[in-house]
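Written out below as structure tokens is the structure these notes cover.
Chain lettering (A, B and C) follows the sequence in which the chains are written, and residue indices restart at 1 in each chain.
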Amino acid sequence: MHNSLEKTGIPTTAEVDAAFPPAERLAKGPVAVIECFQRIPCNPCATSCPRGAILPFADINDIPEINYEACNGCTLCLTKCPGLAIMVVDMTWKDKSGLDRAVIKLPYEFRPLPVVGDDVVALDRAGNFVAMARVVSVLLNHSMNKVPIVSIAVDKQLVPIVRSIRVDVRQRAVVCRCNDLDEAEISAYITGGTTSIEELKRITRLGMGPCQGRNCVPIALGMLSRALGLPIDELEPATYRPSVKSIALGDLAKYDDRGDGLP
Amino acid sequence: MIHTDLLICGAGPAGLCAAIEAGAAGADVLVLERGHAPGGQLVKQTHMFFGSEKQYASYRGFDISDILVAQMSEMPNIRLICDATVLAAYDDGVFAAEIAGKYEKIRPRATVVATGASEKPLLFPGNDLPGVYGAGAVQTLMNQYGIRPAGRVVMLGAGNIGLIVSYQLLQAGVDVLVVCDGAPKIGGYLVHASKLARMGVPIMTSHSVKRAEGEGKVEKVTLWELDKNWQGIAGTEKIFAADTLCVAVGLSPLSELLWQAGCEMLYVPALGGYVPYRDAQLSTSIPGIFVAGDVAGVEEASSAMVTGRLAGLAAAGFLGLDIIALEAKKEDCLAQLHSLRHGHGGKILDGIQQALLDTNNKGDEHA
Amino acid sequence: MKNTADYVIIGGGISGVTIGYFLMKYGAKNVVILERDYLAAGATGRCGAGIRQQWGTELNCLMAKFSCEFFENAKDELEIGDGIDIEFHQGGYLLLISTERELAQTKKNIALQNSLGIASRLLGTSEINEIAPALSTEGILAGAFHERDGHLNPFHTTQAFARAFVRLGGIIHTNTNVSRVTTDRGRVTGVDTNRGHIATDCVINAAGGYSQQVAAMAGVSLPLYSVRHNILVTEAVERALNPVIMSFSLNFYCQQVPHGSFIMGRTCENQPRDLRVTADSAFPVAMAKTITRAMPPLKKLRMLRQWAGLYNMSPDKCPIYSAAPGLAGFYTAAGYSGHGFMLAPATGQSMAELILGHAPTLPWPRLGLSRFEKGDLILEPSVV
């Protein structure tokens, strides 16, 4: 027992196997995998599931049980579990590259976020390198508890092994300098359903800092254009408001409508 | 509240030429310039200009600026104020400006917006590291303030700005390691490219920046080759030990005032982004608001001067001023523009055509 | 898009989503919100989003109190996790009093408010200095303060209601423009949209500044007009102002949002009533003169941006929650006269009760359209 979960925080292979849905369920489509092995007072997984697939707890200390037929792998519970103990596995993901890969959807609370298309390091439950994995989706929106969900494609054989990723610290690609927003964050919002520049502005304050959108709006329009597959001229343009440059309230207050102000 | 016949926003080549034409016609003109001195981008253009005699071909940009400013200062009806930023254009015809630290409002009878363009930003990892510059900023540091801005430069962009600034960097004693461009062909004039090539600067087309890296500043720039869909090809990375990455990927019109005033706008990639619908004489969809220079569509400084003259003439006409041979002067400007725009494979001409109010049904609808 | 619905709400601002939420909460099914643009694109996303319980009529006090308490519990009520922060900053509302008449009215208001369980109180100038050190008390006689008032992020609050609505089974269609409300023999039969027809026998007009236009589509005339209201925002700085400051006689309100920027507005003269939301050339100076006199340290703060939204004005500056006489199945929630955001939870609950035939929790029957015909207006002293 010297390598037990209780000593290391690493579940054993047997424990992980027990947490996985049966192979025939995996073959049917995306499904949640819950690795919650200890009785603790916590139930958001059960209360958050809109389909009742995580069975109601009799006691708040209950260990979650899934009705695999009811679960559709929607990932809502991933963003609710304070222990980040849940992931979604999709063995039926259509791999356009011709490789035999599945998708694992992981809650990922670190920054910077990866960007779709990145190759990140896939780690096992002990944090060891397993393989490189391709990021296929990064999702973030208001309902997600500030828990982005990163989906990675890995070889099907590795599905029981991979449980985390490491995004090598890289230089950020900055979209909005005034409000310090980078490409990963903006693209996660776009993927999450924010698809107009004005809405993006209201959510993130992009375009409304001291530069008034001069730097960030062209970049953000380009990102929206690529994400939506529409040319920029078919997107709604941003609204420009006074002032082109910021001005002190005290200087505004000194203005006198009666004079001719030429110096 | 300042009252004037004609407000000109910007004293670059377009604004200066507009002021000269409208001033010669007798208009009372107020020119507001954001910078400390007039001339706009001309003052940092140390190279000789192309074009014809009418656009001061073979003169250097800063000399042209001096000539225009001298012409203007002979006219007492033109008032130029520097350190004056136009802040806002309202739909009641009022403009607001910060003039030498003071907030002012202006009610002009007509306006020429000649605000120019700003450098396009580019998204890549490391784009906020110190050492990543716009080419215009590098040019300002070198040619206006006499500062050697870099030691070893990677230039991104082989359009005219990228090529010319690279050449000026060489003149300033800076190492230009490479000029690259995502496009498969050099976008700028080939004679500019050849000037670099013969000084040993390699030009790599179909290449762009993958990332810039360094501890607190640029130390390393990685380029890679792009495929025909402009996607980077793994395995083609080339690393340059540079301290500066200079970005010259084009300009976009500084059109905020036009948006605020309610001008109908149109996205035309060939003209650099959103530009106003305008008629052949540069009147926007809002009567009395004219445009000239890069804000009407990014072109060369020579075209900016001619559009400035045309807008100045049109504004004077709008003000009801009597101009000798007005139509002949306008025709001359239009003919000059036509020949200047012909050399770019027709791209600019097509773009202008799209943005024309009176030849375009879409434009009429918008107006 | 499904072509039938039990209830169609026109407008995805704060009122539309709260009405949708309460309808679902009370057991309604097949509720659809149609939004022309995106959520909170209209007046909601442009407003200061302050909330005060300091009113001069029992009706408004009760509605604002209900709304404020709702926002206090919104996290549980709407089951919003940490992902949405509605940024409810309860720094209080400080109403400045600068005339004897205002003082006399305020004393009456406070007595009324206290009798309804709203713990507002009168402050002397030294207490005002403590609560808002940046304020100049020159010319100020006193202040009325209630510490549970405050402000929210209107965009995020709308998102929170929308998510709760969707979680309960509601449907939201954005980028969906209603062009016509179809009727037959005095009954609503559906709506035409740019994405097709939806058959329904209940339409709820929550179109904010465009309410009278939407009503006209159904042949209903509402005694409303929309007027432009201007607002500006400064650069973000460290927290320097805790309460919302407001003055009727000095004509301004001002607050510092959690992001750090100051948001301020005032009622300007000669504003267009043609649905324009362009910027006003006179507003920045008028606002700056007012605010720098009231709060001198703000002189150095820089304005970044000014914008405008629509106040939907009713004859007595109080909302209309009403069925339409002569057209069964057509309901209107409009005419907030600048207070639609702060009253939104009350709007949602009241409209749901009205539509579903429930007994009133709040005195909404007083807010019907019939009050204008009868000349029985609500006399609210605490509006601008």
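Methods note: a contact is a pair of C-beta atoms (placed from the backbone, for glycine too) under 8 Å apart; a residue touches a chain by one contact, two chains touch by 3 or more.
All values reported here derive from a predicted model rather than from experimental measurement.
Compared on C-beta pairs in contact, B-C and A-B come out with A-B as the pair having more.
Comparing the CA-atom centres of all chains against that of subunit A, the greatest distance is found for B. In terms of their C-alpha centroids, the spacing between subunit A and subunit C amounts to 33 Å. Centre to centre, using the average C-alpha position, subunit B and subunit C are separated by 45 Å. Rounded to whole angstrom units, the spacing between the C-alpha centres of subunit A and subunit B is 40.
The set of subunit C residues that touch two or more partner chains comprises 279, 284-285. In subunit A, the residues touching two or more other chains are 212, 239, 241-243, 247, 252, 255, 257.
In subunit B, the residues touching two or more other chains are 88, 90, 96, 103, 105, 260. Across the complex, subunit B meets subunit C through its residues 88, 90-92, 94, 96, 103, 105, 260, 262. Residues 50, 79-80, 141-147, 196, 198-199, 202-203, 205, 208-210, 212, 239, 241-243, 246-250, 252-253, 255, 257 of subunit A are the ones touching subunit C in the complex.
Across the interface of their complex, subunit A is touched by residues 1-3, 79, 81, 85-90, 96, 98-105, 118, 120-129, 211-213, 252, 254-257, 259-260, 265-269, 273-274 of subunit B.
Within the complex, the subunit A residues that touch subunit B are 170-175, 177, 183, 212, 214-216, 218-219, 222-223, 231-233, 237, 239-245, 247, 251-252, 254-255, 257, 260-263. On subunit C, the positions that touch subunit B within their shared complex are 276, 278-281, 284-285.
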